[in-house]
Each structure stands twice: as structure tokens, then as C-alpha cells.
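Two complexes are shown next, each including chain A; its partner changes from chain B in the first to chain C in the second.
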Partner chain A sequence: MDKFIALTASGIAYGAVLTLVALGFLVLYNATGIVNFANGDLVTLGAYVGIWTTVDLGLPTIPSFLVTLALMAVVGLVLEALAYEPLRNQPALVAVMGTLAAAIILRGVIGIWQGSTPRALPSPVGDAVVHIGGAPIAGHRILIVVVSGIAVCLVGLLFTRTSFGRQLRALADDPTTTRLMGVRVRAAARISFVASAVLAGLGGLLIAPIGAVDLTFGFNLMITAFAAAILGGFGSLRGVVIASFVIGLLQALVGGYFLVGYSSVLGAVLLLAVLAVRPSGLFSMERSRL
Partner chain B sequence: MSSRIAFPARLRPTAATAPVEVEHYRRRRVSLVLLMAVVAAFALPAMATSRSDAYQVNVWLLYSIAALGFYWMFCLGGKFAFSQAFLMGLGGFVSAAVTQGGERSFLWGVVVAVATTAALGAALGWVLRGCGEFYFALGTFAFVQLGSVYVQNNDWIGGQHGTQFGLAPPTIGDRVFLSDQDVFWLILAVLTVCMVAAALIERSPARRTALAARTNPLVSALSGVSVRTTPIMFLALGSALGGLSGAILAHWQGSVALTSYGPDLAIGILLMVMLGGTGSIWGPVIGAGVYVFLPTTLTGLEQYSEVVYGALLLICIVAAPSGIAGGVERVWRYLSRRLRRGRRSTDVAG
Partner chain C sequence: MFTSRPLIAASAATAAVILLAACSGADGSDEGSKAQDDVRLAFLWEIEGESPVGLSDFQNGADLAIDEINEAGGIDGRQVTYTRVPASPLDPQASTAAFLKATNDEPAAMVGFLASGQAVAAKSALDRAQIPVIGIYEADDAVRFGNQGSEFSWALNGSGQGTSLAAVEFMTEDLGLTSLGLMGTNEAFGLGQIESSEAALDELGATSVGTVTYDPTATDLTQQVLAMKDADGVLNWGYPNPLAVQLKQFVENGLTIPTMTGASGPIVVNAGLATGKAIANFYSALPCNPGGTESAALQDFAAAYQEKYDASATNLAAQAYDAVYVAKKAIEEAGSDAGADVNEALAEISVAPEDGIVCSSGYQADGSHILNHEVNIARFHADGSSETVSTIQVPELPVAGE
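Moving on to the complex of A and B:
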């Protein structure tokens, strides 16, 4: 029973981080119609910037996190200006290749800046352990769930209660009419890149204390987040949240009990299975580019 | 009110909705490949004076084979797959497993590697047959992740560290290709055969069918073109070239490590094709050359190579989508036109 509780807690925490990264895809896809392949490297960058502000500069946790997220917002703006805006009128796949090029550049820059030696980010709650049903749960996993929950609620409010959110949903529903109604698509793209980069950075900050951070740190998370975004449907906030937790729990429980060596790829297996049966994803959405 | 026509994902115009320049039949394409092979046979050994040069030339030619496979998948089949680098590695692992213990020859290993990667490419294409461009690319990402973990979890192919050592050198009959210079001849011969096959495909109905299926799947399907099987065929052919290249590379180097065939090389292969040019079979060869030799050119700036690669890819996508081969072809056409005009005006004056 202890093992089950510990694995469930681990799965929920991983699902919470997946939600953040997958929401980054969702926001960007709704506004621009493209998938950002640099998202994994944005996660890595977020973790490294967190290490820099916390360990190297010695800032306290909250200012360190805020500085990191602010820097990630700037990176999002630069990414939009360099890798998306020049390709906005090109076919979607060309714009996606632009994000791939940006990913290579980002990884190169991180490599030059931080080297290839893995680094660690200390958890803001230290080694605190909470016992639930007799099973020890790392305090950091609970922190992940709480912070991710707040972030998801904020994104939910952004979607439903703000003018930008309404514009974003309108763009996702009917880009042509929305543009004709005077919605500024460039501004929407910029804000989406910023939101996506900030969410990726937050994901990196939260997951970094669980393991070592290296140059490929965000890559696997990105692939699994892709799976969550596709399973949940790129248009549905609720769907993405549910899919992220399903994948997190699947990896933790099935991988923990039965397919021990394959736990990290269960999301990929699920993705392939869904794409084979439902090539447009579980909750497909028709989409064209702005 | 939207005027867009909603048709199924598999029939939706893809990335490739970018205008496709359909070239006319060219009789001399195979001759040009053979001529270039002869030139390479004389020039490259003479130019590769040091051991490291010879090594890099071999890597260039092997990457050209893999990139040519990606050209078939992406430029003809219209499928943006991240699987080519992994399939290269898998080719090496399969060949290592087949030739382990010395019971089977190098050729057996290569044949099984090619067949396995072609079958996997076809299977992947079939599983993801209905996917749009993004989902197909993401599906291949998932396939690579799954395959990599499989290799690491099974001792018969890769083992815990995803590495195999002690592979026998390439051998055909009694001829053992031991040194880099020896292996060069083998790789050049294989690349020449692949390029001849590519040249034949370029002037075959298969290419026209593939371009039609890629450019407008709905009309092609209505015209009787099989929009499902054509991309799968090119995916299988391209994957086979990945396996072929990886198997030779593994035997030449005597080892194969999964880490060498990760996302960096997958994106590198895309870079090779984009840099070299997506509209010609020479694009992958030129692009692979730039990819392999660029770090040597940037002496003292090796640590910036990734940034340079990324910047080059971005510049290519934004400013020169037809790549180096496309640029050369444009210059060649311009010069030919000028030459013809010059001749005509001389004739009139005469």
C-alpha cells in the first residue's frame, strides 16, 4: 500500500509538471497554429536560469523564481521575433522548422553558458518529507502540485475571464473571422510565445530539484507533454489537464509495478496507439494558420 | 463564415502545399551521377591527405546516404520524420547482432539491417498513415523514444548502456576493408549505387506520383493515385538507406552507441537536407558535406558549432528555402540563359 501511495504521489506530481508544459503548447497552438519544438529547450533553460539565480547569484527562492520567469518571458519574445514572425506567412511546417532551428540555437547557447556537466537545483522546501497513509512523500512533490494547480487556475482564468483569453478562443475557433473582427494577431502571437515560455520555465523550475539538470533535461518532458497535448486535444484546457495526469499516473503505476524498464515511454506508447486509431488525436480540432 | 473545405486529415494539403517545382525528364542525370563518382574517386583521396581528413570524408559520404533517405521521406514522400538518426543506429545494432560470433558475414548483417529498418519505416508509416504533418512528426518522435528504450532494455541488440563493441570490419568475400582509405572505396561505391537509384527515381513516374500526392492529396486520390501507399513506400526506402548507412558506419568504426544517434543527429539530418537543398538529389550530399566539414572550418569556434548550425538552418528556412543546390541551379540556369542569348545575338549579327 505504501508503494502504491508513493507511486501515485509521484505520478500526480509528474502529471502536474506535464500539464504546465502541455498548456504551453496549447496556448501557442491556439494563437498561431504551430507546435513549438523549442519547448523542451525552454524547460531546460528555465531550470538552468533557476540554478543561476538561486545557486550562483544566491537569491532567495521567490525572487529567484520571479527573475527566472521574467527572463523566460523575454526569451519568449525573442523567440517569436526571430523564429516565428519571419515565417508567419509560410506553410505551417516551415514555421515549425523555425522553432526547431531555435531549439538548436537555444541548446547551443545553454551549452556554452553552463557546459555539459549536470547541475542540481535545490528544492525550496529542502528535504522535507510528508507521510500520507504511512508512505513518505517528498515535500517538493506536494509543492509541484500546489504551484502547478495555481498556474493552471491562472491559465484557466486567462482563457475564460480576460479579453485575451476570449480572443485566443475565437482565434482557435475561426481565425479568419476573428482577424476580420480586428483582433491583433501579432500581439496574440507575442503574448502566446511569452505565456508558453513562462509555463515551460516554470515546469523546468519545478521538476529540476527531482533530478540532475543537463542539456537534454527538457527533451523527454517535451515528448511526453506532446503526448498529453495530443491526447487531451490541442483545443481543450480540461482535456489537456486530464491527459497529463493520466499519463503521469500511467507512467508511475504501470511503470512502477509491471513495465519497470519502460515507464518513461508509456506516454509515447499511448500516443502511438491513439494516433493509429484516431489520427487527429482524441479530441480533434480543425485548425488553420493565421 | 469560413470558406475552407473540411476534408479528412490524410487528404488535407500538407506542408508541402508550398509550390513544388516539377522538373522535366532529364536524360543525363544518371550520367552526371557516374561522372561525379569518378571525379570523387580521383579527387577525394588526393585531397584527404591526413587520417582525420580521410575519416571525415567517410563520415560525409555515409551521412549523405542517410540524408538521401531523409530526402526521399520528406521531399518526395512529404513525411517529416525524426526517425532517420535512430534508424541509422538501429541498422548498426541489428548488423552487430546478426554478425555476432562471426557466423554471419558483414553482407548478411547489412542486408538484415536494411530489411529491418525498411520494414520498421513502412510499419511506422502505416501506423501513422492518417496523421497530419504535426502529428506524424510527433508520432515519429514517440517511436524513436520507444525504440531507444527497447534497445537499452534488451541485451541481444543494445544492452543497458546502448552500446555494442567489437564489430568485425566490413568484409566482402576475401577483401577486408580495414583502414579509412580502404573503407572509402566501399562507401563511395554504395553511395554511387544509391545516387543512381535516386536519379532513376527522379525521372520515374513514382516521383511524379509522390509529388502529386504530396501537393494535392484530394485531387490525386480522385485521379487514382494512392495517397496512402506512396508516402509509405518512400518512408520505407528512406529508412532502408538510414539502416544501410548506420550498418556500414558501425562495422567501419567497430562499435555502435545509441547516444551517437540521438535528437542532435536527427535534427542534423534535417539541417543537411535543408542546407543542401530540398529540390535536388544533390542537396543531401552537399548539405552533409557542409555539416561534416563546417566544424573544421570554424577552427577555434567549435563550441559555437551548434549555434552556427541553428543559425544556418534558420537563415536557410527564411532566406534560402531551396538551399545551396537550389542556389547553384538558379545561377546555372541564369548563366545558360545568358550564354544562349549571347550566341543568338552573335548569330544575328553574323
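Moving on to the complex of A and C:
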């Protein structure tokens, strides 16, 4: 039983971080129609900026995290200005290639700034361990779930209770009509890039203390989060959250009991299976209901 | 129109790129003052800033050796100069191009290639150029002479097989453990090391309580750690990041059993990826451990390195240092700086500490072109310090296939 609890806790924590990164995909896709393949490197950058503010500058945890997220917001704005805006009127594929180029540049810049030696970000809760049903659960995993939960609630409020949220839902539902109605598309794109970068940065900050950070740190997370976004129908907040936790738990439990060592492929297997049966994703009916 | 502005701009940009590439041979390499009677070497590695994985440790260690050799009169009275050509361990094809570029200078020997895959990819080029390359990597089966390794390719660090054997021998005979768990990455490096560890366990009569693999980028090893609960000790053949995850998750799960790894160990500890209790029972099987040695020569090297670079010497720097001294001995024995003669000498020579090396009690090539047959076991402490607790001799390997 304690094995089941430990694996479940691990799956939930991973699903929580996946949710943040997948929401970054979702927000940007709905506002701009493009998939941002720099998301993984934004996760990596968030982790490295967190190490810089916490370890190198010695800031306390909360100010350090806030400064990191503020810097990630600036990075989001820069990314929008350099990698998206000049290509906005080009076919979507060109803009997607722009994000790929941005990813490569971002990785190079991080490499020059931080070098190639892996680095560590200490957890705000240290080595704390909580025992649940006899299973030891790292305090940091609980922190991940709590902070991600708060972030997801805030994103939900942003979508449902603000003018930006209404504009975003309108853009997702009918981009052409929404533009004709006078919605400021550039502003929506900017806010989406900022939100996406901040969510990716938060994901990096939360997952970094579990292991170590290097230049490829965010790549796998991005791929799995992309799978979660597709599974969720690429239009539904609730769908993406559920899909992220399904993948997290699938990897932890099926991987833990039957496929130890190869659990990372399970998200991709699930994605292919769902696409074969329901190409629009599991929750595509809710596409316009962010 | 055919001669449109974009076409002209593209042509100009292409010409500029070609011009820059042509000039990069002169500007992109570190060269000492070159004279006709100098002994020339070439180094095949990147330094920090040239790529995300570039490290300056190799160059620093080699520079230290070159300075010492030249101060002591050079090789047979001739000064040593070198060319460095960046060769990425992540790009074997580009590494072959780097090797070919380095041959322009007709060096007596080259030092470099930091991954065995580079040497395998460059086999034909090495065979044609007939210039020996002393690689600073742990030799896997593919790079052994007789398999896909060139007659001109030499591995300084020993073999992966030897490292596994020494690690298992230490765990079973020195620590007295009988039930070991095996962990490793689910790709060539991890699987190869797991396979040779299983063979070593059989040979030494120990039991494996289970083998688990993981993705090289894993950030959660809950499944794998839970599978190790019945083991007396664990051998983990992984890269620094997942290794740090395993060590931390052992602490979370109350596991205090010893963990043994390979060259990733010092990186985990020195970069602070795992600290305190997580590294209190942590060992590493290494070709060299300048951080925790009782060897006076290695301590002197570490002190000189610290003084020159204001940084702690790593095993990578010490190995590059030794590789230069191995090349020096081979050139002296050959009595010539023709690559083919130096290569013949490399097959015959024994390089001892009095020849200037610091990592090993001796380098001597075996049939597989592996030069080192000694593995140091380093034990790390919770405060991040380390000590070499054992030095194990491992068998020489014949020409692969014999």
C-alpha cells in the first residue's frame, strides 16, 4: 500500500507541474494560433534564473521566486517582440519555426551565461518528509501541488473573470470575427506570451529542487506537456488539467508496477492511442470554454 | 528580375560566411609560437563558451603540462607547441572534420576526443592520416581495437568493463555487501555498464536484487528507488542529474545504503547537486581523484593548478595533463615526430610517475588500445570532501574478438 501511495504522490506532483507548462501552450495557442516550442527552454530559464536569484544573489525564497517570475514576464515580452510579432502575418508554420529558433537561441544564451555544469536549486522546505499511510512523501512534492493549484486557480480566474479572458475565449472561438470586433490582438498576444513564460518559469522553479538543472532540463517536460495539451483538446482549461494528471499518474503507476525504466514513453503512447480514436483530443467539446 | 536585391544580399552573406570560415583556422585555435623544429601536438576539445557543453578543464590541464615540459627543456631539446581544434563530444561527424583540420599542422600526436563515439566515427580518417589520438574517455566495447576502433586510437581512461568490475569488487569485498541493486540509464552507457556489472557480480559470487533503468533526463525515480529497498548497496550508472535525484530520493525514503557510481560522482558533489546526508554513503569509481588523494604527485598537480587557475583541479584536468605526458614519452621513445612512429611507440611504452604522470601508477597499452588499468574508488563525505579509499587493478583486455 505504501508503494501505491508513494507512486500516486509522485504522479500527482508531476501532473501538477505538467499542468503549468501545458497551460502555457494553451494560453498562447488560443491567443495567437501558434504552438510555442520555446516553452521547454523557458522552463529551463526559469530554473536557472531561480538559481541565480536564490543561490548567487542570496535572496530569500519568496522574493527570489517573485523576481524570477517578473524576469520571466519580461522574457515573454521580448520573445513576443522578436520571435512572434515580425512573423504575425505569416503562415502559422512560419511563426512556429520562429519559436523553434527562439528556443535554440535561448538555450545558447543560457549555456554561455551558466556554462555546462549542472546546478542545483535548494527546496524552500529543505529535506522535509511527510509520512502518509506509511509512505514517505517529500515535502517539496506537496509544495509543488499546492503552488501549482494556486497558479491554476489564478489562471482560471484570469480566463473567466477578466476582460482579457473574455477576449481570449473569443479569439479561440472565432479569431476573424473577434478581430473585426476590434479586439486588440497584439495586446492579447503580449499578455499570452507573458503568461506562458511565467507559467513555464514557475514550472521550472518548482521541479528544479527535485533533481538538478542543465540545459536540456525543460525539454522532456515540454514534450509531455504538449501531449497533455493535445489530449486536453488544446482548448479547454479543465481538459488540460485533467489530461496532465492522467499522464502524471499513468507514468507513475503503470510505470511503477509494470514498466519501470520506460515510464516516460507512456504519455506518448496514450497520446497516440487517443489521437487514433479521437483526433481532436479528449475534451474538444469544450474548446471554447476556457 | 534575376539579379534581385535579396539575391545579392544572400550572395554577399554567403561570401561573408565562407570568408569567416576560411579565416577561422587561424583565429579559432590556440597556438604557441611555432618554429620549424618544434614538436607539434594537437588538442581536440572545446573550451567553455564555445558550446553549451564546453569545459576548460582539459585545456587547463594540458596547458599546465606543456608549460612544465617546455620549462624543463621540451622534448629532446625541442619546444612543444600545439593547435587546439574544437571538437564536440555531442557531434561525432563534426569531430571527424575537426580531426582532419588538425592534421593540417602535421602534429606528432593528438590528445582529445572526449567520447568514444568521436573516435569510432573518425576511424577511417585516423587510419588515413596515421596520426595517433589519445582519447580522454572510458572505452566502451565499440571503440576497442579489433572492433570499430582505429589502430591509431588510444583510450587513456581505462574501460567501462574495468570500472564496473572494480566497483563491484569494492562493494562486495571491501564493504562486504552481498545483495546489490543495479540502476542505470536506459541507453548505451547505462545498459552497457549494467551488463558488465552483472557479469562482475556473477564472477565475484554476489547477488543482484534487481535491475532498473531510467530515462537520462528523469526528474523522478520513485519507482526505481522503491525497487532498491531490499538491496545492501546500489550501483548506479547514470549521469549527474538523475544520480542526484536518486541520492535525494534515497534520503526521502530512509535508505542509507551505499551508492556507487562512475565519473558522474564528483560532478554531483562538486556542483552541490546533492548534499549532506544524500552523499554521506556515496562512492565513485574513477580513473583519477585529485580532490581526495594521498599521492604527493597528484597533490602537487592540484596545488599548481589551483595557483595557476584559481580553481580546484578536476579529474578531467588531471587526465588531460597525463595524456600530454603520455604523448611526450611516446615521441621520445619513437625518436621521431612522425605520427606512424609515435603510434608504434604507444603500443610499446610504459609510462611511470617519474615520467610526469599523476593519475595512475602506470600507463601501458593492452591489445584493445586501453592505456590505464587502475581504478580509484573515491568516498565522499557529507561535507563534500572526498578520499581515495581503494585503488584496484583491473585486467588488461585483448584485441577485441580474440
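A few remarks follow.
We adopt the following convention: the second predicted complex is superposed on the first by the 282 of 290 C-alpha atoms of A that agree within 3 Å, B and C clash if a C-alpha of one lies under 4 Å from a C-alpha of the other, contacts with A are read in each partner's own complex, and residues count from 1 in each chain.
Note that in this section contacts are C-beta pairs under 8 Å (C-beta built on N, C-alpha and C of every residue); 3 or more make two chains touch, one makes a residue touch a chain.
Computed from a prediction, not measured in an experiment: that's the story for all the values here.
Once the complexes are laid over each other on chain A, chain B and chain C cannot both fit and instead clash. Looking at the shared chain after the overlay, A:L59 reaches neither chain B nor chain C. Of the two partner chains placed by the overlay, neither chain B nor chain C lies in contact with A:L250. In the superposed pair of complexes, A:V185 makes contact with neither chain B nor chain C.
When the two complexes are overlaid on their common chain A, residue A:G261 makes contact with chain B and with chain C alike. In the superposition on chain A, contact is made by A:F219 with both chain B and chain C.
Of the two partner chains placed around the shared chain by superposition, chain B is the only one that A:V96 touches, whereas chain C remains out of contact.
When the two structures are aligned on the shared chain, A:V145 is found in touch with neither chain B nor chain C. Applying the stated contact rule after C-alpha superposition, one finds that A:I210 touches chain C and leaves chain B untouched. Look at A:I112: by the touch rule set out above, it reaches both chain B and chain C. When the two complexes are superposed on chain A, the residues of chain A that touch both chain B and chain C are 107-108, 111-112, 216, 219-220, 261-262, 264. Considering their complex, residues 48-49, 51-55, 186, 212-215, 217-220, 222-224, 226-227, 240-242, 244-245, 248-249, 251-254, 267-268, 271-277 of chain C touch chain A. Interface of chain B with chain A (complex): residues 1-2, 4, 6, 9-10, 14-18, 80, 127-135, 137-139, 141-143, 145-146, 149, 152-153, 262-263, 267, 270-271, 274, 303-311, 313-314, 317-318, 321.
Note for the complex: chain A touches chain C at residues 3, 6-7, 10, 13-14, 107-108, 110-112, 115-120, 127, 129, 136-138, 207, 210-217, 219-221, 252, 255-256, 260-264.
On the chain A side of its complex with chain B, the touching residues are 35, 82-83, 86-87, 90-94, 96-98, 100-109, 111-112, 174, 176-177, 216, 219-220, 223, 226-227, 230, 261-262, 264-265, 267-269, 271-272, 275-276, 279-281, 284, 286, 288.
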